[in-house]
Amino acid sequence: MCSESCGCSSDIVGIIEKYDSDKRNLIPLLHELQDELGYISPEVMETIAEKLGTTVGQVHGVATFYTLFYTKPRGKNIVRMCNSTACHIEGGRKIREAVSAALGIAPGETTQDGGFTLEVVSCMGLCGVAPAIMVNDDVYGNLTPEMVPNILGKYREAS
Amino acid sequence: MDNIKVTVDNITVEVPKGSTVLDAARAAGIYVPTLCHMDGHKSLGACRVCLAEVEGGRGLVASCAFPATDGMKVRTNTKRVHDARKTVVELMLSAHRQECLTCVRSLNCELQALAKMMGIQENRFQGAMPPELVDTSSPSVVRDSSKCILCRRCVTVCRDVQSVGQLFPVDRGFGTVIAPAAKKNLADVACVACGQCITACPVGALKEKSHKERVWAALNDPEKYVVVQTAPAVRAAIGEEFGMPAGSLVTKKMVAGLRRLGFDKVFDTDFTADLTILEEGNELLQRLKTGGVLPMITSCSPGWINFIEHFYPELLPHLSSCKSPQQMFGALAKTYYADKIGVKPENMFCVSIMPCTAKKLEAGRDEMCSVEDIPDVDAVLTTREAAQMMREMGVDFQRLPDETFDEPLGISTGAAVIFGATGGVMEAALRTVYEVVTGDDLKDVNFTAVRGLEGIKEATVKMVCVEGKGELDVKVAVASGLSNARKLMDLIMEGKADYHFIEIMCCPGGCIGGGGQPIPTTDEIRQKRIEAIYQEDEGLPVRKSHENPAVMALYKEFLGEPLGHQSHKLLHTKYTPRSMWPTDVPLDEEAKVK
Amino acid sequence: MAINLTINGQAVAAEAGDTILTAARRAGVYIPTLCYHSDLMPDGVCRVCSVEVKGQRTLCAACCYPVAEGMEVLTHSPRVRESRRMIVELMLANHPQECLTCSRNSKCELQALAREFGIQEVHFKGERKMADVDTSSLSVFRNPEKCILCNRCVRTCEDIQSVAALHASKRGWDTTIVPGMGDELASVVCVNCGQCINRCPTGALTANDPSSKVWDAIHDSTKHVVVQTAPAVRAAIGEEFGMPAGSRVTGKMVTALKMMGFDRVMDTDFTADLTIMEEGSELIQRVTEGGVLPQLTSCSPGWIKFIEYYYPELLPHLSTCKSPQQMFGALAKTYYAEKTGIDPKDIISVSIMPCTAKKFECDRPEMTDSGYKDVDYVLTTREAAQMMREAGIDLPNLPESEYDDPLGMSTGAAVIFGNTGGVMEAALRTAYAIITGTELDNVNIEAVRGMEGVREATVMVGELPVKAAVAHGLANARQVLEGIKNGRFKDYHFIEIMCCPGGCIGGGGQPQPTSEEIRKARIKAIYDEDEAMTLRKSHTNPAVQKLYEEFLGKPLSHKSHELLHTDYTPRDRKTVKAVKVKVES
Amino acid sequence: MSSHTCECEAKAKAAQEEEARLYEELDVIIQKHKEVKGPLIQVLHAAQELFGWLPEKAQARIAKGLDVPLSEVHGVLSFYSFFTTVPRGKHTIRVCLGTACYVRGGKQVLEKFQQELGINVNNTTEDREFSLEVNRCVGACGLAPVVTVGPDIYRRVKVDKIPEIIKKYRGS
Amino acid sequence: MAFYRAHILVDTGTPAVLKGAMGMKSALVDEIKKRGLDKEIKVVETGDLGLHGVGLALIVYPEGVIYANITAQDVPEIVEEHLLKGRQVKRLVYTGPSSAVVDGAAKPRSREMRVILEHIGVIDPTSIDEYIAHGGYEAIAKALTQMTPEDVVAEVKASQLKGRGGAGFPTGLKWEFTAKADGENKAVVCNADEGEPGNFKDRLIMEGDPHQIIEGMIIAGYAVGAHEGYIYIRGEYHQSVSHTEKAIADAREAGLLGKDILGSGFDFDITIFKGAGAYICGEETALLESLEGRRGESRMKPPFPPTSGLMAAPTVINNVETLASVPRIIDRGADWYAGIGTEKSKGTKIFSPCGDVLYPGVYEVPFGVTLRDIIYNMAGGIKGGKRFKACLMGGPSGVLVGEDALDRRLCAEDLAPGAGALIVLDEDKCIVDLMQNCAEFFHHESCGQCVPCREGTKRILEVLNWWTTGAGSEDDLRLLEALGETMSLTSKCGLGQFAAVAFKSSLPLFRDEYLAHVKDKVCPAGVCAMDKVLEEVK
């Protein structure tokens, strides 16, 4: 179903094969393929469109609508900074500034070495421990700006 | 007269000597776009939109100003012409603040239409904008130089048509703006607020001071009892705002449209026009009897009042002391009518729809408050503004049903309707004065001698006095447009005016050509509106003001008699001598009122 | 069952399924709209049609809110007006103020609304969305800055044409309508039909306008400029000058074109007649010699691109005939050049088309059989009208003129090419004569007329029952193609397909606005023109007969094949993209 | 104290009388030009000579005398760079910024004048000694850059010569 | 089910994990093993215990003692003292303000009443057995065997349960509409796209007691005649997804999902759908669009989901908390439920106070408690002994209330609670800054479909940005008020309709603070960096 030239690995083909050709599977498919590939490339969108019998535009429209989907490659580590009201009033802005300063990039950007991508999200549901950030799937709450370099340092070393 | 032969785009036509290239092209049925050109006025050739190519000539010529000569061969559709015209308009656009979407003239703008016609799709000359001068000081006219394309049509009407001369180009080159002397504000110079500059403006650089918002606010306020009056000239023009041909008489649709806006009562200024005739007619008779100042001059046109106050303050005693019908209406609405229906004057909101921008100034005059400090007329909408409000209300004007004015202030006669046209007040007055003086029934109510678009008209009406004191030859004169008024005033100044009664209307053609009327307004359109006015008059059962039953009832119930005490309090006014110089220029002794 | 409600206090009887808008319109009550379009399912996104419904907490979008018994609606209450004004103000705050240089100036729905609501100030002074204009397509230009996100183009492309080239991307304030994955229009599957332009309320979508090049050619004394006008143009161009839809202005249009300076004004109708001769002969050949059936018409270039992309396997069904535009172009630079003795390299061939896909068609590499580019420039009806305005031409008041020879003569059969079912009817008129050897008494073949999306008919041509189908609009075309694939149309002989709803009269280059009502009026004008003509069958066109005599020989001759027939290219929907990807990397 | 007041009053009275005299003179000029065709510019010239500048009152007087709208009087005078509606210094320094002068350092010359006089273009020094203006070509391009002070013309002006020029006129 | 003499429940909710709960847990397991107690004592990971601000916590059963603020170093002591020797480690026992987590060690000092949160911190959320042991799935048994679908609908109607997602539509009525609607393939959708800042109650339920949601959904399915259920969970809630997934698998295995449930002939199954980061998908029609694989753009209403929902079939969409309430209602009867709360608001409501409170967390109370009760008696009052300034009820789409609202009752007839978030601000916080943040939120989350919301959220944000940098004007106040009104009136869905509500409600309360920003260019709280930016502008 997927031509060789598209460069899909067999894993991806395997994932796609799991799903029916039902447009309702679009979001789950995007989730799973992104988990596998890190982001959703144009080729992947094309493959999905073909699989689900829809247009590339439709897939693209969906992929760009949701903040958890990425149409560009991201850094090895994703730092999500919460900008919810709860985090905000507990000093979220200072945390965001500290993270930006520590990584030297603005939200939406990826570090030169590809180590980190920085994002601002609306709310992570961690209002009880505000202010909070997430690095990959790890959560850090009740933060102060001083804690930021250490936290990020761990990931920098790891990668 | 000598004719010459001119060939335009291979079509040969004969035109009178002295014609311009534009005249020749039009005779050949060839459309040449224009912008600064005004029919009937000498062209400046300033905008260069009407460029054409004359065979053998060096460059392109402005066809509106370039004289045609015998045997001349003209081309209007060459590439050179096209490109040049396009560039000219593009240059205009580059110095024009582009905000069509929020411009009062959008979709009725000559520049917009030209840009569309020429298919201009890019603005290649982007850079600095010329000086921005926004003047909102006047109660009637708002100026915005950032939209001005310097065509000078306003200068021409202000100076030549109205002889007011307050607008003129100031400074030069890219920095040129059209403004009163020393770029003063309109409120500080002898502007008469007539708004003729607005109707002449091709773009949105000149517009009326809008009262729309205050009217919407009153309509949305449940506390307010909102009544509206409509001037005679509005019904003969408002249809044009909705795509109907000029001269469409839409009185009843207009009434229906106003009801859709939510006015509590839709009344008619015509009612107080009839009243004006009774007051003013009696004032004339009184002056004739008692040897008062003659000629007596009408006082219902506020632009004209401004003019005489500024330019001929010494002649103020000639003015009738009657307020204009608009203000008579306002005064009665907040006394007689408010009392009648039990509404407090402060909760009565009185709106008038006028063909006029000077009415806005008039309504704001300090002396126009009958009840304490409450203005008699709270808001004045031009015909254009009223139409716009209907558009905002989603009114499909052409499909409105016919509805009639409310009573009692909506009852009127044909004599009142013709107030809208030049000569109309005179004719209406004569209909009544004649019957009062002679005691006869006037068979033919049409005094055609005072009708028509001519600038100054004169007539003598013979009347045999009922009281048996012999014949009276009433000599009258009628002028419209202030430069014509100026001629009559100069005659009076020179002692050469032996008239009894003079009607003066500020705007050419009378109120139907007012500064608040639909744009464009041309002589042809004025003529059509006048025809509609007389058509309305002809169709009415009652055509003499003194036969208006509602007016008679008003006298009986409230006023007593014409020129009575109550009348003087509510319906008459005084005038203020003013200077023709800007307020901050120290007056010469001699310029002050004698 | 009637539903009773009141609108502004006035009692209104509505039907079940009515929205407030439909009920109000039927009752003659005006409600402003913007994202609503009568051809499309309501989307309710612009909120301009908000009205007050008694008992509702919020205002309701009249275009999609269903009526209910006893409902009380206010269409212009103070809060409705205030809200609408605020909404339009919000749109204006994010819209470039450049009406004066916009091709939709004075014909823009946003401009009209701003004027209707008397908006004189935009209170919001913040950021405005900036974007580049996409001029990659040969037919459709996109200016996202002027887009107000009404989704009309998206709905048109998806629902009417089943192409779905345009989509909303990103979200919130960043939402943009984009082709494919935010690509240029030229690098996605787009059939160039321009239906999106027709339904765009602003200047966000416009056609690729070659008028300045045409002016240059006209003004260039070394060039001989010939122009052809498609059948559908004459039934619509009057609208651009304020005439009611359905005004026939053929003669005036010819006068105008001559005034503009075209050297010869000729008619695509001539080659429409020629198309019938070739295509009819091809059909007869296929039927008699067992060729691929059903044969599909090939005169609509948007349709051609559609089948090339989506059903390349069905390409053998397509007639090999070029479209009348391209036949004309090929003849202009051969036959006509020969006849007039003008060097074909000095001939500039311009066509005026109701169509934006024609702009693509004339650029196809195979369309150079004359040895030159057969058709140099394609103007839409709108662009032709604009050029007339630029020339100061007041079309409605012009006298009438005749087309020039030799490619100007035509029959009623050619005229009806302009609407859906017309090619079929024209073909049947001629086929009847060829097959039966007798002429039809009543040339009006009502069975193939009408507005249904897919129509089928069996027409007796003498003894032979000819099974025919007609489809217009690509979503309907898709149905037919699926039908061919699954065998539903296996015993059909001939199927006419037009890319645009209503056929060419509803083309993407036609005057805005468009609606079913307007399309019907144009179709009526077309049939009236047909009725008014003395010659109503293509094979009776003496100029066509002469052309065969002098130049082509006979239908399907060698010369015909060389100049009037073509090949098709199967297209891969992915390769459009692949090219793009390569360029990027 | 009282003598001081007296002095003031006397001064004011003198100024008033002087002004009245000037206006009478202006009226004479207007009368003289009234019959000429297109008299406005001639009168404006004379008036500016008389007052040193064109006060609004004088403009109004001219408008009235010649029976043209004041807006036109102002419109005309604002067109010509020679006329001024603000009081001028005793000496008007005009730096030429025509193309030739400009390329030969006119701009630097202007800057130096601004610096030395402490005023911008079209302004007058507080002591009413100097006004600074710019003009576009006086027709002496061969000798650029050119500066005029009143009727005097300075050619090939060097920046370091400027204080000297100013000094020459100061207090004279 | 093996027998253990003691269970230790470790709080492994998302906040706890970030504090090192997993490390502590493995230390605990190792310690127990080391001491050979692993056959006697079971360590269980629970979801979020709802105890925030107390560090790592665990509960030891059967005593129900809560240890709080513990570290891995404390583990040997607890095992040694408590589990081996039976002596509580007094210094670590939690006696905080809200110790209603268990009935045991500490008596509730507040009016907290756990109905939905009954099992939280009591059972192992990943064990269906424990759920069943605590009376789980009895309600579904009762419904399927003793009640007709109509009975179920009637029962829920009688309970007067209203939607807990914020809008408060009567659940029974919604079910009735769906039950009566014509259509095949009806569906039950659990709206677990909890995205409103300040809300984290649904996460707690999913992490701590997922089975009750499943049970609620089956009951709903039975009542309305649906056979498919979907749980739409925020993509960010990883643990919610994994716990719920496990629960569904277990339930399926136990015959509680799938064909012929409990032999009743009723089929029902549930699919989890992971959201992908769009707050708008909490709006029910946008959620449906998303479920159907499209952009989360809200649909036109009517038709409403009960008549035309998922794939145009009649669909019930309920919030997590709503569905979790259902088993209790069926179990204990509508009368019992309707006896809790106030006249117009029946039952209990979960609140999640956060912001400047001492103990942010999740508290379940009967409707009618006062705002003061929750903020001061349960959440420990304002941090640092500061003064209460304002509370954003329900998050950015709710209303802002001031000090005078503290004694108002949280119920429909007094102070509508919204979805449950209570974002509390102390005296040092700036209202304009808060609104700027709310505006940022809506600007980011608007779907961009309709004009008033797309363009309006942008303009509100811009104006607030100006205000917080000293560039505003007084006219803007009136402008935003009018804009807010239009957005409320004309937006296509709730997001736009409520996007300006907080701002509008804050205006009369804090007009002076706004004026200080726009007129005097001063931030009274000193939060907005107005001077700095003004400097830069200069």
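Each chain carries a letter (A, B, C, D and E) given by its place in the written order, and its residues are counted from 1.
The criterion applied here is as follows: contacts are C-beta pairs under 8 Å (C-beta built on N, C-alpha and C of every residue); 3 or more make two chains touch, one makes a residue touch a chain.
None of these values were measured; they are calculated from a predicted model.
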### Topological distance between chain A and chain B, in contact steps
2
## Note on the structure
Minus chain C, the contact groups are A, E | B, D
#### Entry: Third chains touching both chain D and chain B
none
### Query
By number of C-beta pairs in contact, which chain pair leads?
A-E
### Query
Compared with chain D, which chain's mean CA position is the farthest off?
E
### Query
Going by CA means, which chain is nearest the middle of everything shown?
C
### Message
Just the number, please: Cα centre separation of chain A and chain D in whole Å.
### Response
72
### Distance from chain E to chain A - Cα centre to Cα centre, in angstrom
24
### Message
On a C-alpha centroid basis, what's the spacing between chain B and chain C, in Å?
### Response
48
### Message
As a quick test, compute the distance in whole Å between the mean CA positions of chain D and chain E.
### Response
80
### Task
Could you tell me which residues belong to chain D and also touch two or more other chains?
none
## Note on the structure
Where chain E touches two or more other chains simultaneously, the residues are 278, 295, 297, 444-445, 447
### Overlap residues in chain B, where contacts from two or more other chains coincide
none
### Message
Which pairs of chains touch each other in this structure?
### Response
A-C, A-E, B-C, B-D, C-E
### Query
Can you list the chain C residues touching chain E in their complex?
42-48, 50, 58-59, 61, 64-66, 79, 82-84, 86-87, 90-91, 93-94, 123-124, 126-127, 148-149, 168, 170-175
## Note on the structure
The residues of chain E that touch chain A in their complex are 14-15, 17-19, 52-53, 194-200, 203, 234-238, 273-279, 290-297, 311, 352, 354-356, 360-362, 392, 395-396, 421, 423, 425, 429, 433-434, 437-438, 440-441, 444-445, 447
### Interface residues, chain C side, partner chain B - complex
28-32, 75-76, 78, 81, 85, 92, 95, 97-103, 105-106, 110-112, 114-122, 209, 211, 215-216, 219, 259, 261, 386-387, 389-394
### Residue ranges of chain D in contact with chain B within the complex
56-57, 59-61, 64, 68-75, 78-79, 85
### Query
What part of chain E is in contact with chain C in the complex they form?
278, 280, 295, 297, 300, 302, 443-452, 454-459, 462-463, 475, 479, 482-483, 485-486, 488-492, 497
